[in-house]
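Letters A, B, C and D name the chains as they come in the text, with residue numbers starting at 1 for each one.
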């Protein structure tokens, strides 16, 4: 039982087997191997159009490289998250449910009345699913994209939990990306069963221009590149990525419903993907946190309801490896300690 | 038979098995897992002193992060190779056998007579083994380190083929690093059997200060960090790293001797580690290059003898997986096509 | 009559005359001329100790270069203002009266519980006087410096209006800088009568190390450097800098008192230096803004009282050239339009 | 008598007077004042077409900002000089007479056979006049521009001595810039009589996009911007810039001819603009250098003839303020010491 994060789990067996299989023989290095080439084609199929994809190893790298490609060093990126962009300024926007809205962005831009003394609005970066496990609908993304186009900005999607979003929305990957106006996507795989794999995906060849150089210079061009290509092929094969995400989402739903039924616990936000945010008595939290491996959420600027004085805002994350037994075990543990904690309050 | 590079080969079985074994259960993420902790201790043993080591995924990242830690953005790095250092200037020095000497560095520094109009000498970066497979002796490194100390510079070692150097020199890892005055080492593992693994190693805690932030910001902090730690443990276990390197070096020696015996072929530089540079008739090169997977070496600034008009300077690299059969096959192929090419000259 | 900013005024006659006088004959270039050398000595006298000073041309450059010297690229700077620091992250803190407090900084640092996933607190930058014309007392600065020392951070002071602060506090320049624990100061002169002159001042030679290179690389090393040195000499000569500031402060006081006596107008913050922030009926603002050259203040995050629905928050700035006649003229204008605007409401 | 550099001289009287005149009254700040606006129009006239010009204060800033606008951070700039470009790599090319040729650039590009492992050719930067006072003809520039277009590179001109080049070639400013294919020009004024003034000029509005932000962020947006505009107006008025340059060039010609007539002295390169490079006996150099304020030229990579063992390569620079008397004085001095030095050899 471990609800600390989706990355405390290992690698899905089919992906690990793909690494083993790819280990035979020699192969060209630096990303021009047959595995990577095929993975690029498969990604185009997944998105129902030609895409320009670049495999990298971490989500930080994917987001930072994608944004540095989209914005000039004097540009401003509107986002919830914290990213390194080689000089560009990140402007954090705090809105309910971890999501940002066109209205909030427009409000900040309207305050930029000092020409070049203010940063130049250059991009919006949204996380899908968000850090709080909430979701942007295709229509919401479309409205942000509209504002971007009108303001000369690009739209980037941080898809560290993209699979969970697609699985939860039941839409096509294209529906929440290029069809809705997204310019570049960080397509995350590590949290959902890969070892170390993300893809930076552009839906337009002009935007992808020169990105090969940026990936190399950023230290993200793996010499034995076949092992990234092989991960991606296994990840997409037979919809493993969606099945993993569906399972994680289902476990989170089960967990959220179970916890919400316990007295003294309430959901801080509706469960939509694979994360559960609950407010619980601090005594309960202290009783379960070690065994359940779950953390208090700092919550600053998250837009979530603040916990009361004797309460804790707690995040629990489910993964492709979380089992119904894990969920049941946690619920049982939480039920067991309830009377005690209530008695102490 | 593939002599293109040491990174066209896959992962050593013991390292792959370590990845499999590390995949069980959950583990803390972001580099604080037991595998990584133990790997850090093992590296201190290898270097016979406490070292501060940071696992990353590519050699470019290791070198760039290490140098950005050692030099200010207005500093100059003296090196043979090309690196990204966040603004610092690289000053290429071309000297025989791919090595740089204190005299050559001192000559350039002596030309910096314009105070801040010239870059500030900040570091020297030497590759051990060099790009040409040649070696710096402990004494040579010591003399460069002495110049560095006298000039207020730091000494970095690019150890993409560090194992091959240690194996060839028959010295202790400490002898060509901290004992000789090296401040930071990029300890490469990928070319020598790992999947994607390098360590940035500092021999001084002050120099390591803040490096955790730099690695994170550089997109090199792997969430499922145990898979880096596990690679390193297997790499060091039972001296796998040295045995792999010894084997690759032996194959290169065999290959070099065999080629040098063929008429019309001569070594461009003595074989010291796992690379062989030969000058051969262009017709011969064309006859073998497809099957042997070997390349012409650009050679600009390498300090090697330039090939004649109808000749080619060719690099052949041996790895832990290169077999005596591979070497014999190439020698046989080269012998077979010799008469033809000679006839055409 | 122009209350738009202190930089809409020209250059003080004595400084302009100094430029003329410095124009005779030839002089070494790039900052090693006699004027600059003497100016550096005079700055040490002003601060009652040896300081390391570097003349540059704009306040943006002074702040950006100073902070890039104090913080690593992965560091975080706590500030009210917006600055470019070569990668370091600025964390804006909004507190009343344009000032930041140790408590506010400590609160943010306490939220950095994710190690290198959060930025590394590296410096605090305070403006003296602040953007709102308010002042930190020596004791307040001392408390911030204490937090900095305890947290391993450096303390930078943005002194674009440093002269106004010293004049208003009636203290020694040393009292609000090194004696209070400030590590580096941007000593602004342009707003207070110079043509284009700021000095980056360090109170410690280690912190100044290499700054010559940074200034050169930042494009702030003027070839005809004597014209910066000459400005500084005239600026300090006979306390011109303090006299200019005292005059501007006095005019602001007069203006603030006069406006506060008019019905419907109230001070948004007490007048301490050379800026006046008032809340007035929007109709009045519209009636006077063209002639008085004054602006509405965006006010976002300024910590000032928000104006009412039909009101405007207006900034008026006085300079060394503002006259009592200018002030009287504005007050008369504002009185005259009062009945009308009241009638329209 | 001072032949050290063109920047050891002060400011031309007409430009100093323009500063005085511009000092009256108030003016909008940050570059939107009437002086600057008019200067921008005048620059369009000078170049016989609409140009996008941005006034800055140093040549380092002009070059660095222009190149950072033209090239991505992973791009390579081919140049003779050393510049800061926010990460882009400068590739120095050493060719005779301080000039680079299309053939030399093409040779380097042809060696870039490793895709993103080599830097991406992004721009060529040529100095007109060069550091050695030599000149590119319009046809030579055209051929470099052609190579740039064919290779997807931009062409930048470092015009620190642009006026000297135009005066010497007797051509229109347009002939060696946009008509020849130049994309951006650093139009230098400081060396030729201004106090601190350069303009970054683009001949295409797309290339100028966002440059306002870059100038601000680079600390080159002067608050009292009218003093840059006023300098430029005076600099262009009545062709002051060309007359100054013609005078400096004439003095250099006179000096070069005079020196070449003295026994033991020979020109290292033909005098074309305002610089004279001569090889003279070291004893003579030592006898005149203090009084004449002239330096030995490092010469590394300059492409000039190397001086003999007892000789010195010496640079002498003439300016708008150099007089015939200065030249005569130096020639007399050199003649006087000749016999002595000859006797000692």
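Here is the rule we use: a contact is a pair of C-beta atoms (placed from the backbone, for glycine too) under 8 Å apart; a residue touches a chain by one contact, two chains touch by 3 or more.
No experiment lies behind these values; they were computed from the predicted model shown.
Q: Any chance you could check whether B-C or C-D wins on number of contacting C-beta pairs?
A: C-D
Q: Which chain's mean C-alpha position is the greatest distance from chain C's?
A: The chain farthest from chain C, judged by C-alpha centres, is B.
Q: CA centre of chain A versus CA centre of chain C: separation in Å?
A: Centre-to-centre distance between chain A and chain C: 42 Å.
Q: State, to the nearest whole Å, the distance from the C-alpha centre of chain B to the C-alpha centre of chain C.
A: 51
Q: Where the centres are mean C-alpha positions, what is the separation of chain C from chain D, in Å?
A: From the centre of chain C to the centre of chain D is 36 Å.
Q: Residues of chain A that contact two or more other chains, please.
A: 30, 84, 86-87, 119, 216-217, 221
Q: Touching residues of chain D toward chain A in the complex: what are they?
A: 30, 68, 72-75, 86-87, 115-117, 119-120, 210, 212-217, 221
Q: Under the touch definition given earlier, write down the residues of chain B that touch chain D in their complex.
A: 82, 84, 86-87, 89-90, 111, 113, 119, 298, 300
Q: Which residues of chain C touch chain D in their complex?
A: Touch list, chain C to chain D: 2, 4-5, 7-11, 16, 19-20, 22-29, 56-62, 64-65, 84, 190-191, 195-196, 216-224, 226-227, 293.
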